[in-house]
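Paired with chain B in one complex and with chain C in the other, chain A is shared by the two complexes that follow.
Coming up: the complex of A and B.
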């Protein structure tokens, strides 16, 4: 007996189905509170105290204001790192791991769109990481006395979500590419931590020491512009001067929108290529091949 | 003893192959130094941003002393991150990714020694990365180091004790990994973060609040970092950054020896406990992918 299934309903179900384990699975383990909120805060605290160490001999209200601004930059940057790590380890590397666990063949045989599958992973990942990031941010604000000035909440939300879509779109694209490169994928993800923290300026105002031209090159990583725009909107006036920003937030939002569309398109293309290759070669999706 | 030695050798060889045989040697060498050098550059740019914002000069003696302090701390921290991760990730790598833990578990060898052997390859790579980072700092970033030839034995003894202490701490974490889901990246980020924060790696301990300084003074690695700086930094430079760590070099070495011994005993006990509880709960070969 053949059952007709509406394609949109099927893909929506796949999307919800793949995001479900990420939304529910980790919540069942209370250890996430320690591993994903308290421990990352220690890393953030280290960078906060580096600035405290740098400013150790400097006194006066001006130095204090500069230190506060830099601490705010670190707390926000440290929070955004959670999303970048999630994109690397739970999006880009995921298909490779699914292959190693033997699930990928099942995914390839199932009748839904593979984009729905990746979309579900992304939505689950955003929710999972978002929960942890909010806790880390709140704890960071509380522990280090960061003062946020929210002047344009709509623009902040727009920048935040478009940045996430662009980031996870990039992760969806990388997922197929990682699969092609096999074991090197793990190393590629490891390699994209510190160097990306560096060029995207997660812990310092990047345009200051690197210059705007370099930062525009680094804008291929959506976190670079997203973080810069969020910092501008959350800390509109800092003691660091006006030359710390890369571009106006509205322009950055526009570029991020373009990046989101481009990455999602490329994700679709690379997935189609992977699917074609998997069918032709007959081994790309099989475990230990 | 010979059985332990054979296990160690084979595990170290396995670890090295897993670590390096995915690519050409030159690419592996490049890969091994890109991460630590990028990590060092984050600090360089943070410091550059600080000097630009404050309107001070990089070559100011006080600034140079502070930067050398930070740079040396970061260089030796490469060992901390790599050794800890190299040790405790073995449980989850073999259990979750390669799913070989059940076969290793039932083989007639010491699982403890096997993990230490696997960690040895990471220590080797970390040594290479630390040397490159140090050479890079001296060659291009005006980091000034001077090691008195009479202090070389103390430096080497301190290095070995520090690494053994790290391996013992890593085994304690491996014992915890027996019972947890795939939190290896949380642990990899968080536990070194704990030492990064409280051991005065990148800033003098005096910058921390009182309770933080107390925690820092209770950790053996704080003394290890301080010993390395005392031996490598010029005395005039070291005097510009007050660390407030008491004791002479030999006292610190003795302290490191005692704490390494204590952590070794603790790691034996915790590893057995973790193994026993995981066996009892049927968690030895669980997979927790989602």
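Coming up: the complex of A and C.
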């Protein structure tokens, strides 16, 4: 019993310890806040003005509701992009950077669970990115006059947090795989950026016209279903018609829960495999090997 | 006698990775590296044990196996009584490691925060860890730098920080892989003095130190293993190691830079020799281990035959370096 408690205490401390650099990093580099909130707003603004262009000359409450929904989509999508980029560049690539910095072998030598290490990275990343995302969201809502209709806040929060867990679970899984690919991590991250912006519908309504196969592929990225559910819950479903959505939000929450469990399980398995490989071949934890 | 570390016939082979796309040519299949070759070693609890060997001798590979970062290809290794191939958790709780030239940690954290973060991976309660960090910072003369960001401190200060990182978890067995590599005299002295006291003033603490600084090994270690090409050539106290070549004579000769040194080994009476060029002075320093002192005249003739002048000749008591030269036929530098 005591042994189990000690192990839990050890892993909780390790989790807090590893999340610390990311939490404190926000205060140490306040310039990041500017770059990560103001610059994304410019990207959001460009789409907002395109949608305003579409509706130029249209009048009446229906057109206004549709425009509000589309602008809201962009603001919400632009906010969620921060999490996706954080998962790609600061979760998936992180073990590779840790190896290059010489930290990875110290992590591997420590008695903590490897999931505590990844969990700490994820928690710190969520906190750091969450702060930036909230600023982007609030500034977007204020600057573009988005009207939100929050009818089921509990479900919205559930969808948001389960989406984050699934998203970061995916990042934890990718972290081990990226390390195996070594320097290709750069290219993999770059490769996964723009196409996923498109198919996950960060700036658009869901990309259903691309076909079921593409939507199925896109649904593997938790942001796709998470965004779809959040948009349904925040913007009146009637604004763009019922056909625009992928699935009902409750179903999407269920799928996201499954994705979260699967990704966390795969993250654990892939890191255990990576450690086994590292010990056997001695080429993954040391720099220059 | 409790053993902190034990290895039996420990072997580690690094296989060359074959090209993924093209079919490897016959000659490309070679190049596997035998880093450790049937190493037998016993390190007693409370011992400060040194591993002396040149780059590529297998020192770091051995430490990585003992630190559970690497698996042996064959043979047995145990740390604190636990097999390194089994569950690594009981070993990891009791060990720590610091390497020379280490650049671990995060530049945006302060020195104190960085060490604290690593202490959390060992489950040390935060308050306890901070008190220990502060104590060690005073000892290592790093207190003034405690709130400075890691990216702003010097190499020596960084290595002191690494030492504190390793010590804050109070390991029973501490692996030090060339801990004073590239440090100035003062930083090296602080580290050496601390590790000697750390082992001697507490019971149950063990250090395995790898180095290629002879003076460091001689000054600190209770016993030393000389390792070359993955094999332990000798293992004893520094005094006993030197006694092994006591019947031989050690001559150090400095001459104008030599080009041809092939013939020295064949001179009767020469047991072994090493040569090091001093580019700044344009000289060659030769160390000969002679079983017969009459070989000196032949050595002189060969040197002068190349048109080189003898600048100094000295007969001296054997040092650990001479032991190394006698065994390996080369110096460490």
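Note that the second predicted complex is superposed on the first by the 263 of 289 C-alpha atoms of A that agree within 3 Å, B and C clash if a C-alpha of one lies under 4 Å from a C-alpha of the other, contacts with A are read in each partner's own complex, and residues count from 1 in each chain.
Methods note: contacts are C-beta pairs under 8 Å (C-beta built on N, C-alpha and C of every residue); 3 or more make two chains touch, one makes a residue touch a chain.
This is a predicted model, so every value here is computed, not measured.
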Quiz prompt | chain B versus chain C, judged by how many residues of chain A each one touches | solution = B
Self-check item: First (chain B), second (chain C), both or neither touched by A:112
Solution: second
Practice problem: Please indicate which partner A:43 is in contact with in the superposed arrangement: first for chain B, second for chain C, both, or neither. | Solution: first
Practice problem: Could you say whether A:13 touches chain B, chain C, both of them, or neither, answering first, second, both or neither? | Solution: second
Quiz item: After lining up the shared chain so the two structures overlap, which partner does A:25 touch, if you call chain B first and chain C second: first, second, both or neither?
Solution: both
Practice problem: Using the touch definition from the top, say if A:205 reaches chain B (first), chain C (second), both or neither. | Solution: first
Quiz item: Taking the superposition as given, does A:35 touch the first partner, chain B, the second, chain C, both, or neither?
Solution: first
Quiz item: Which holds for A:101: it touches chain B only (first), chain C only (second), both, or neither?
Solution: both
Quiz item: Do chain B and chain C land on any of the same chain A residues, and which?
Solution: 21, 25, 29, 101
Quiz prompt | Complex contact set, residues of chain A against chain C | solution = 6, 9-11, 13-14, 16-18, 20-21, 24-25, 28-29, 101-103, 105-112, 117, 278-280, 282-283, 285-286
Self-check item: Residue ranges of chain A in contact with chain B within the complex
Solution: 21-22, 25-26, 29, 31-32, 34-36, 38-40, 42-43, 45-47, 49-58, 63, 66, 70, 85, 89, 97-98, 100-101, 183-184, 187, 190-191, 193-195, 197-198, 201, 203-206, 208-210, 240-241
Exercise. Spell out the part of chain C that touches chain A in their complex, as residue ranges.
Key: 14, 17, 61, 64, 67-71, 89, 92-93, 95-97, 102-106, 108-109, 113, 116-126, 149
Quiz item: Which residues, counting only chain B, touch chain A once they are in their complex?
Solution: 22-23, 31, 34-36, 38-39, 41-43, 45-50, 52-54, 62, 66, 70, 97, 180-181, 183, 185-187, 189-191, 193-194, 196-197, 201-204, 207-208, 287, 289-290
